[in-house]
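Letters A, B, C, D, E and F mark the chains in the order given here, with residues in each chain numbered from 1 onward.
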Amino acid sequence: MFFHIKELQFRAKPEKPDPVYARKLQEVLGGQFGEMSVMMQYLFQGFNCRADRKYRDMLLDIGTEEIGHVEMLCTMISQLLDGAPADQVDEMAKDPLIAAALGGMNPQHTIVSGMGAMPSDSNGYPWNSKYIISSGNLLADFRANLNAESQGLVQVVRLYEQTTDPGIRDMLSFMIARDIMHQNQWMAAIEEIEQLEGPIAPASFPREQTVEEATRQFLNFSEGEASSAGRWANGPLPDGTGNFEYVANPQAQGGVPELKPPADHQHSTPGTGPYIVNKGKLDK
Amino acid sequence: MFFHIKELQFRAKPEKPDPVYARKLQEVLGGQFGEMSVMMQYLFQGFNCRADRKYRDMLLDIGTEEIGHVEMLCTMISQLLDGAPADQVDEMAKDPLIAAALGGMNPQHTIVSGMGAMPSDSNGYPWNSKYIISSGNLLADFRANLNAESQGLVQVVRLYEQTTDPGIRDMLSFMIARDIMHQNQWMAAIEEIEQLEGPIAPASFPREQTVEEATRQFLNFSEGEASSAGRWANGPLPDGTGNFEYVANPQAQGGVPELKPPADHQHSTPGTGPYIVNKGKLDK
Amino acid sequence: MFFHIKELQFRAKPEKPDPVYARKLQEVLGGQFGEMSVMMQYLFQGFNCRADRKYRDMLLDIGTEEIGHVEMLCTMISQLLDGAPADQVDEMAKDPLIAAALGGMNPQHTIVSGMGAMPSDSNGYPWNSKYIISSGNLLADFRANLNAESQGLVQVVRLYEQTTDPGIRDMLSFMIARDIMHQNQWMAAIEEIEQLEGPIAPASFPREQTVEEATRQFLNFSEGEASSAGRWANGPLPDGTGNFEYVANPQAQGGVPELKPPADHQHSTPGTGPYIVNKGKLDK
Amino acid sequence: MFFHIKELQFRAKPEKPDPVYARKLQEVLGGQFGEMSVMMQYLFQGFNCRADRKYRDMLLDIGTEEIGHVEMLCTMISQLLDGAPADQVDEMAKDPLIAAALGGMNPQHTIVSGMGAMPSDSNGYPWNSKYIISSGNLLADFRANLNAESQGLVQVVRLYEQTTDPGIRDMLSFMIARDIMHQNQWMAAIEEIEQLEGPIAPASFPREQTVEEATRQFLNFSEGEASSAGRWANGPLPDGTGNFEYVANPQAQGGVPELKPPADHQHSTPGTGPYIVNKGKLDK
Amino acid sequence: MFFHIKELQFRAKPEKPDPVYARKLQEVLGGQFGEMSVMMQYLFQGFNCRADRKYRDMLLDIGTEEIGHVEMLCTMISQLLDGAPADQVDEMAKDPLIAAALGGMNPQHTIVSGMGAMPSDSNGYPWNSKYIISSGNLLADFRANLNAESQGLVQVVRLYEQTTDPGIRDMLSFMIARDIMHQNQWMAAIEEIEQLEGPIAPASFPREQTVEEATRQFLNFSEGEASSAGRWANGPLPDGTGNFEYVANPQAQGGVPELKPPADHQHSTPGTGPYIVNKGKLDK
Amino acid sequence: MFFHIKELQFRAKPEKPDPVYARKLQEVLGGQFGEMSVMMQYLFQGFNCRADRKYRDMLLDIGTEEIGHVEMLCTMISQLLDGAPADQVDEMAKDPLIAAALGGMNPQHTIVSGMGAMPSDSNGYPWNSKYIISSGNLLADFRANLNAESQGLVQVVRLYEQTTDPGIRDMLSFMIARDIMHQNQWMAAIEEIEQLEGPIAPASFPREQTVEEATRQFLNFSEGEASSAGRWANGPLPDGTGNFEYVANPQAQGGVPELKPPADHQHSTPGTGPYIVNKGKLDK
């Protein structure tokens, strides 16, 4: 069960409105790697958690924090939209700067949301739950979380670069800090799980039931061998089971596939010879 | 530019058809973490790569391999659908086992795809490109890739458990091996980047422009302190800038948000007192 | 800012697992009118609220409660999935009842979510934010909320009918009660706003700038006049501006539309006469 | 069965083209609450109607009218796009006003639709049928309809404010009138159903099978009691079963959830202790 | 403007209910190539038509007919759902045939739509407007229409095969006839346009501004030359500009792409050498 | 199995960057009829092909070529984005031309993709697999392919018109040539299949099981008979089974639909008379 307090976790007040930036900031609210994604991802991982209780507790702690980040971004976006042009704009658009601002805005901010934040990204694409994952395998899921915080931080930093407004930067400097902490957090959590289970997710599938040589081979599916120069093609495998092997000319092992001709009731095309029109099997 | 050869990378032939399993196998073809996702993710990361050429080459090698995995899964699914009930099934459904099989099948396999594979998941939801990411930041993207291979392997292993067909297991044992290799590969590539840049993605944002104490604090947003027991709340930060701090009672720092009343032209509701019906500003 | 406590708002424990019902229950978690929808709708309306503070507070109270409903449903679904068949199911499926259960399950529960709840509906379609609205006009939004609670209750009641499990019914009897309360709540809130503003949302557009007779006319766009028998075609208009009028034979007032021929650079088809192939305007 | 006549229901002719406004107007054609939504919602409710025939007839009358509104909006948008810049625009964009107009346009109008209307919203997001509902419960559905007409009218009025073109305003003044009528219509229809069934949708679930006190309680899930000041927390319940009760400190009634550990075949992470790598149950 | 009459265009009455078939029939109502698609595609092409009026009239004639087909399918689906199991189904599911039927049903028919048709496909995926096209180029669009009628007929015929119910077959035999007519219609319309413009859509781009040899070459991008045996690699080009050429070993003409290194403000990874952590350009 | 070579199929190098055009060019990369669509459509048709092997080979040849077109477009888009404004743009936007350019750009190019191509269209809408079809019926599928190449060419030609950059036009002149070739190719392939099977897809449904007169009738569902003037209403049917017939006043053949009242457990509204609140059937 959840409770709310009225104060924001951190300041979220721009120095001045900027409806074009409001559109951009939607990306880290309702985009693929925005705060809605981490909020829902951590909450679902927590609610579904079948592991030791400390994991559930930790996941719900951070998921609950992220609801507050959604709140901060919504508050910021609403203020960035104060005074956005939304009245007789065909007349106002005779000024090229206003016209340009209109081009850079999300029209739904003035038509749909009443100058409020929307649960969508910087192109107005709605958030959807295929952005998130809760698999029950903590190693896999913590990697998903580390990825989300990494992609999210890259995006927030890019947005920080695009403005000079001290109020926006103030809020972003806090969000950047939390994303750094959360990357640290997931790296630490991954380290803990890897010490228990090893680095392959899931750890529990018997290696002898795999095609074992294929677990070591980097396959060079292109002309040239520039790809042989990386750590991924040389030295010990991170899972400790051997060394990388670079296969310069990978060979097909699977033969040419042969599919059966289509069944009559599918009315597909065999395409193999003269075909009598209208002679199906349905002659009843 | 790409070329095709007729042989499959590995065998993809079931011992016998199983249209219910065909539906399930769609998950790792066209689902969130299926082969279409890794194929498109690696190809886009490769095509867009602005880093040293060995990364582009490596990304396109593995992306090109994954096109071949899509091919194997399509071939397998088509064969699993051979002989699926699709003719006068209302009559056949008087047999409870056939009726049950019909319930477990994807009806689009018989209506839409002509007993062929579909670019969608086990519930018939279409693949879409919001499953993938190409950010230009290699550390972030390699974490996305490690996540994709981890989630993907968890799913493939679960599917392996659900069948006893030796032909399906033969193919999956190869795919499992490649997913293990690819987890190893991305771990190795991450290690290489982290040695250049450190573990925070992106590395290049000045730490002093963040709210620095917030980069270290685990905030306990729930009653009880079970979450204090993990590595994520104790000991050195993975990025080497200090130690985790556990904040048992996080405090709001942001004040209560105050939004301005709505502009007249938005026709929103201030809700603050008697409101004169039909008195808008449009009195021209 | 938000906090979490470990206890659920109400009991959420089935008497026995039922993975087929788990799939169905997803509808009121992640479907169009599920708990995720009301949770996100109320939170966004609250975060964006520019009206008197009591509205914001009320919206966030109920939005916060709904996060806890999402928690309860996730908990219930995880338990309904305990022991679901997910191992060598091709062999188990020789039993028609197990085979039928497999047909009725969501395969992603065993492949993707590790026997946990998913943020999607009973057909595996993901939740998306186009399910919700926050317009800034409270009357419009409270009607959206009343609709959501009405549709949601209809669905929960139908789900109640489909099971006899006392544990599921126990939880649903609480959710039904809250949906009844929330319908009452939104009716009361609508009443309050209508007393301030009148019943048309928005109230503030000048009536004389509309085509006034069209605000009263029920237009009979079909053969026969069965539609004349309802309250919507007889008696006073709810907004108090006159009486309904039934127009048995509506007339077109708009003339036949005439669109200009396509511009050359669009390479569209005028279709009006002999057309010279390859004579576009690009003759530079 | 349906018929078409060539004339439009009302005039739809702008004084001059305005391709930026064309993009915005898409919102009320193909957006969440646009004319496509009400058209399809009323038609599906009508086609599926199992109630007294007058309801079916009424629903199909208004659904049929809405097809004509889609027609009017398409006609208007095509004309607003006449002469939009779509030829050597890199050269034209040296004029800042043209450049700004290009920024404000939907590029698909020039690339995809050949200067025609598209079935999508002002951000180019396609219409989808999750915008609509047909539940079979008339009270719930009429509330959905009242909501749609309310949200739709708020949007149309906002669009009216954004232009001064007399031709656009002429058409919108008719659409505004119809939306007012349709709000009146649905209020009247709701009144009729509520007199038969009472105000809770659905009316037919036995109240004694609910947790009855929960049907009356406003739960204050936040610090502070501003939310106690509204009609929703005071006085009689609209359904006549008692009075609202304000619960200032809601208590959890559900205990702490306990989920079972994951099954072996799920390859999830219990996270509870040393874990033997590669020792799954698949030892055959 | 549109009108409705109460009668259906053709009979739509099953001999007996079949809720499993109801789910399947959704495919040709709300699927990619269902009746909603052709209805909306023809209406949008008609509303947007800038060509000679006979095309607009023809498009709206057929679009209007298709609204009536949606009506027939909805009516049929509602009747197929009569008496579907939706009450205490956990008890009923002890009968394997009922359990199997439940597996084959769309659960939303009992939870969401109240035993009515839904605007979605046989997997519950909603109809969306990206299924349709209206480009303004009649040749391209008539090919889209011919494709839609071809795919649609293949699906309807497959559905016909899956039932023996005389009432369903009666309705489908009419829909099949109309799809045959509509294929004939679009072939005839294409023939008319091709006689005016030639067979390439659009006809109006100057051939000399293309890479002309590439308009004739079949490129063999795979090992082996089985693809050389078809009409597409031999004989005259359908557009009359020469003969097909089979290129057995296509050569790359484009050189190796070289992308510039990332800009600093993108915080991407150059990956080319030791990288100084936290040294971005933001040193203000 | 697939291989990659480093060279592009054709040159893809703009003379100068143009981030606004980069956004537009996304349409033919990741839009409804972009290169991702034809690539995936041909690959899936090829992988699933049950017809004579020459068809599979041909489909995979062209599908493999299209992967290379995706590569070319990604390369072009990345270069068009070089130097796009993404740093302190609030300051830069005081210049109206820069402000306008920002309005015309896709903000995700600077926030999400790191100045790289995205798998989405010109409005940022993601590619999804419902854009493609693989039905198993070659005639239907080749028509889908001809449609895709026709729509795609119309779009590419329109994009060609919008720029004067010689580098972009160089690449597009090649893509236009290939689209012309591919239209020729599919026309030839269709001709080959039609000679085997006749022009109705599928050919195999017995004509006598249809409502035969309905296979010939053009139904005039609107006032006026402009639609009688086309080839689609006069002369021989393309399938050779007779002549078109123009039905000026089509008659309903289906009677008025009658649906049964709703079942009690659906809690729907019969709406037929006084209804006893709370008297459901659940009186246990």
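Following the convention adopted for this analysis, a residue touches a chain if its C-beta (ideal position, glycine included) is under 8 Å from a C-beta of that chain, and two chains touch if they have at least 3 such contacts.
All values reported here derive from a predicted model rather than from experimental measurement.
Asker: Mind listing the chains that sit against chain B and also against chain E?
Answerer: In this structure, the chains that contact chain E and also chain B are A, C, D, F.
Asker: Along the graph of touching chains, what's the shortest path length in steps from chain C to chain F?
Answerer: Contact-graph shortest path, chain C to chain F, evaluates to 1.
Asker: Could you check if the interface between copies chain C and chain E is built from the same residues on both sides, meaning over half shared, or from different ones?
Answerer: different
Asker: Considering chain E as a copy of chain F, what rotation angle in degrees (nearest 5) results from a C-alpha superposition of the former onto the latter?
Answerer: 180
Asker: Of the pairs C-E, C-F or C-D, which one shares over half of its contact pairs with B-E?
Answerer: Over half of the B-E contact pairs recur in C-E.
Asker: With chain centres taken as the means of their Cα atoms, state the distance from chain A to chain C in Å.
Answerer: So the centroids are 25 Å from each other.
Asker: Taking each chain's centre as its mean C-alpha position, how far apart are chain B and chain D in Å?
Answerer: Inter-chain centre distance comes to 29 Å.
Asker: When you check chain A against every other chain, which residues touch at least two of them?
Answerer: Expected reply: 1-9, 32, 48, 50, 55, 57, 60-61, 64-65, 75, 78, 86-87, 96, 99-100, 102-104, 110, 112, 114-115, 123-126, 128, 130, 133, 135-137, 139, 154-155, 157-158, 160-161, 200, 202, 204-205, 207, 209, 221-222, 224, 250, 252, 254, 259-260, 262, 265-268, 282.
Asker: If each chain is a node and each touching pair an edge, is that a line, ring, star, complete or other?
Answerer: complete
Asker: Spell out the part of chain E that touches chain A in their complex, as residue ranges.
Answerer: Result: residues 154, 157-158, 160-161, 265-267, 282 of chain E touch chain A.
Asker: Contact residues on chain B for chain A in the complex?
Answerer: Contact set of chain B toward chain A: 5-12, 32-33, 53-58, 60-62, 64-65, 72, 75, 78-79, 82-83, 86-87, 110, 114-115, 125, 128, 130-131, 133, 135, 137, 139-140, 143-144, 146-147, 150-151, 153-155, 157, 160, 169, 173-174, 176-178, 180-181, 183-189, 191-192, 199-202, 204-205, 207, 209-222, 224, 226-227, 229-233, 235, 237-239, 244, 250, 252-257, 259-260, 262-263, 265-266, 268.
Asker: Given the complex with chain E, which residues does chain B contribute to the contact?
Answerer: Against chain E, chain B makes touches at 1-6, 48-52, 55, 86-91, 93-94, 96, 99-100, 102-104, 106-108, 110-112, 114, 123-126, 135-139, 193, 196-198, 200, 202-207, 209.
Asker: Quick check: in the complex, which residue numbers of chain D touch chain E?
Answerer: 1-9, 30, 36, 40, 43-44, 47-48, 50, 57, 60-61, 63-65, 67-68, 70-71, 74-75, 78, 112-120, 126-130, 132-137
Asker: What residues on chain A touch chain F, complex-wise?
Answerer: Contacts found on chain A: 18, 20-21, 23-24, 27-28, 31-32, 96-97, 99-105, 121-125, 154-155, 158-159, 161-165, 221-224, 250, 252, 254, 259-262, 264, 266-275, 277-280, 282-283.
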